[in-house]
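When the chains are written out, they are named A, B and C in that same order, and each has its own residue count from 1.
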Amino acid sequence: MNKSMLGIIIASLFIVTGFSSTDSSVDEQKNSYVLSTVGMLHDVVLNLLPSDVDKKLLLPAGTDPHVYVPTMQNIDDFNNAEMIYSVGLDLEAQMHPALLSLSKTKPVHFLGESLDTNLLIADGETVDPHVWFDLDLFSLIVDEVSQTLISNYPEFKSHVLDNTKMYKQKLVELDSYAKNKFSTLEPSQKWIVTTHDAFSYFARKYDFNVFTLKGVNTASDYSLLDKQRMEEIILDNSLKAIFIEDSVSNKDLLSVLENINKTSLDTQIGGYLYADSLGDVDSGFNTYESMFKYNVDTIFNALN
Amino acid sequence: MLNVTNLSVCYTTEKVLKDISFNFAGGSILGIIGPNGSGKSTLLKSILGLKNSNKGSVIWKEISPKLDIAYVPQQSEYDWEFPSSVYDLVENALITTKNFWRFNSSNFRVQVDSVLKQFNIYDLRNRHISMLSGGQKQRLLLARAFVLNPKLLILDEPFNAIDHSSEQNIFNMLKEYVKNGGTVIMVHHNLNSVLDYFDELLILNKSLVAFGTTDNVFNKSNLLKAYGSNIFLDL
Amino acid sequence: MMLFITIFLLSFALCCLGGVFYYEQKSLITDVYSHVAFPGVVLAYVLFNSLDLYLVLFVTTTFVLLIDLIKNKLLRITKFTTDSIFAFFIAFGFSLGTLLINILQNHGVSTKAGFSDFLFGNISALSSNDSVLIISISSFILCLLYLYRRVIKNYLFDQILFSQLGFNVYFTQRILSVCTVVLCVLSLKVAGVVLTTGLFLIPFATANLFYNKIKHLFVFALLLISLVTFASIFISLNFSGLSTGPILIVLYFVVYLLSELFKFLRFKNIYG
């Protein structure tokens, strides 16, 4: 057998394997679904759509969407999805190019970007993507999801509309719950001090102050000045508690607390807050409602 | 002093030394000559145990390879930008496993100064080693070897890239050393000075061409065997 | 103050070892160790579910030293040059670490663990326990290097004479490797995988431009390191959002560049 014959055989093998993998992906497309990047959006889709339509969550509980790099498996998930919901606003920064490219061939909805920019919190060019913590904004997102689901699944219109009403009612009740709880808190204690800035919308809604080491993106760095400022805020306001987050390392805040505890102030870790995802199934906080309530209770109990 | 029997050394598949056998009694200056790539440096390293042989044996009699021998490789094997003065380099040769943790420079000052004076580099003692000429570097390396009071000096091309008068100076020191009971084994490249320098000669070209007293061994026939027809020498 | 002492002592210890590898002409080995340490850090988390520096030090050092043995064996049998083998291990180490993090990422672990602290360093998150560990180990290694300074000098200049004087070349290499790996792992918390090699090499290289007498060289390095450490902390205390590790390396590099430009100031003729 000469070299050119060998080359032809090897090339043929590559072509055959290439076609066979294409065949398998065609088979998988028959099982398509509505894909949501983060748990908060997935919860909306789960509640609005009937069980006839498959739904899939891309990022498992506890995953940081700011730095998550999509794998080949995830690209398959994107390709096989019938429609995709994402927050946008640079939350899922590493997968945004892939999603943008897909939006030319299938419905990809950047829900945060559908909101009126006047309602969003921005620091120069950087927009805070954590819109789900403002129940009014999240309600608008629910409306958007509802409309887009109806246009894609007109056969489920009445089901979606009914569930949208119920879901939004839940949000109203959640809002009342939070307002009632926080109304009894000392204004001077109404500080949410965490690692990254995920709670600005929450703080705006319920009259809290926020201070964080990093900005809205967990990938950003902070300096000794930022750490010093955090310590000053804690000391000046004699804060009872600071909060760590479920999807981000707590080492930064523990180091701040170590310095604070060298003084006479007995600031504690108030608990975990769910910042960029819902809890996993075992935690019992794997729905938007339970997650939000958990955060409210944790903040209240720590600062009360 | 040194008995080498059927010594062979290979690098991967290439035989660098083949069945070398000789018996050197010591007490004189033995020269090792041969063309480039004939295995001269390899022979030195093999008899010192720095290179593993594939076959054969090296037996030292009445001498310990570790304690009694000082080996001076070629100058090019050292980094002359290394941060050290002439004095430091010679002094450091006195640091052993027995004294390194309590090494006191003042205890060895006399010994080091004496060797530096012997090799005429005392005035250069504070100079950085990069600022020495070729001849001065060679004298430094020899001083470092001598400070150990060796019974045997093994030198690899000590006269490379140094001028004639420095070469003469160094040779005279080596002759003095042999006169006082030392032994020298030296790889040499300049055939014109062989008769003047060496009492005994070993001619190498991967295998042993000849070994014996210089007068007997240094002749046209052996040189042709070693160097081929590319040799011009008026003997 | 504690932060200054931590960074200063660590940097000086790294600089001393950097000098050893500079004269061995194996400067890249520091990069090999830092990149191979990266999967070691992930392994520490997988085994103990914690990135406590004491645990990371133990697991990662063991891991890196095992890889080091494999590397040394390869260097003896390969036909490739030393720097090629080093490059292979640098690529391998970083890729393996990234792969392991990707696997953990799919289980919701990655950023929660705090691996990014070791990738790029996070001086601001150093706890007092971390500082105590870094200070004590750096001080110990500095004392060791000082006690063995003449021995190391002999080892670096002439390994043949070194072994003739009764010292074991292989044992000395192992000790130096262990010290380097330990400091490298500690340095991950300060400068990270990517920047650690800068801490090893740049201060020493700068000092070497000005002095060729060991004592003066290291005094200069001491001053340089204290100045740059002070400046980095000062900048980090006055500007928001700037990580201290990269500031350190950038400042060292700027000083080095300026030193190359002002070579006429060199005191290399200090010997008569």
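Going forward, contacts are C-beta pairs under 8 Å (C-beta built on N, C-alpha and C of every residue); 3 or more make two chains touch, one makes a residue touch a chain.
Treat the numbers as computed from the prediction; the structure is a model and nothing was measured.
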Return the chain label for which the distance between chain Cα mean and whole-protein Cα mean is smallest. C
So the chain most remote from subunit A by C-alpha centre is B
Per the C-alpha centroid definition, the whole-Å distance linking subunit B and subunit C comes out as 39
From the C-alpha centre of subunit A to that of subunit C, how far is it in Å? 38
At what distance in angstrom does the C-alpha mean of subunit B lie from that of subunit A? 75
Could you pull out the residues of subunit A that touch at least 2 other chains? none
Going by the contact rule at the top, pick out the subunit C residues touching subunit A in the complex. 3, 51, 102, 105-114, 116-117, 120, 122-128, 233, 235-244
Which positions of subunit B touch subunit C when the two form their complex? 48, 50, 66, 69-71, 73, 78-79, 81-85, 88-89, 92-93, 95-98, 100-101, 103, 126-128, 130-131, 144, 148
In their shared complex, subunit C is touched by residues of subunit A numbered 60-64, 66-69, 71, 213, 215, 218-229, 246-252, 254-255, 258, 277, 280
Residue numbers of subunit C touching subunit B in their complex, please. 23, 25, 147-148, 150-151, 153-154, 156-158, 160-161, 163-167, 208, 211-214, 217, 268, 270-272
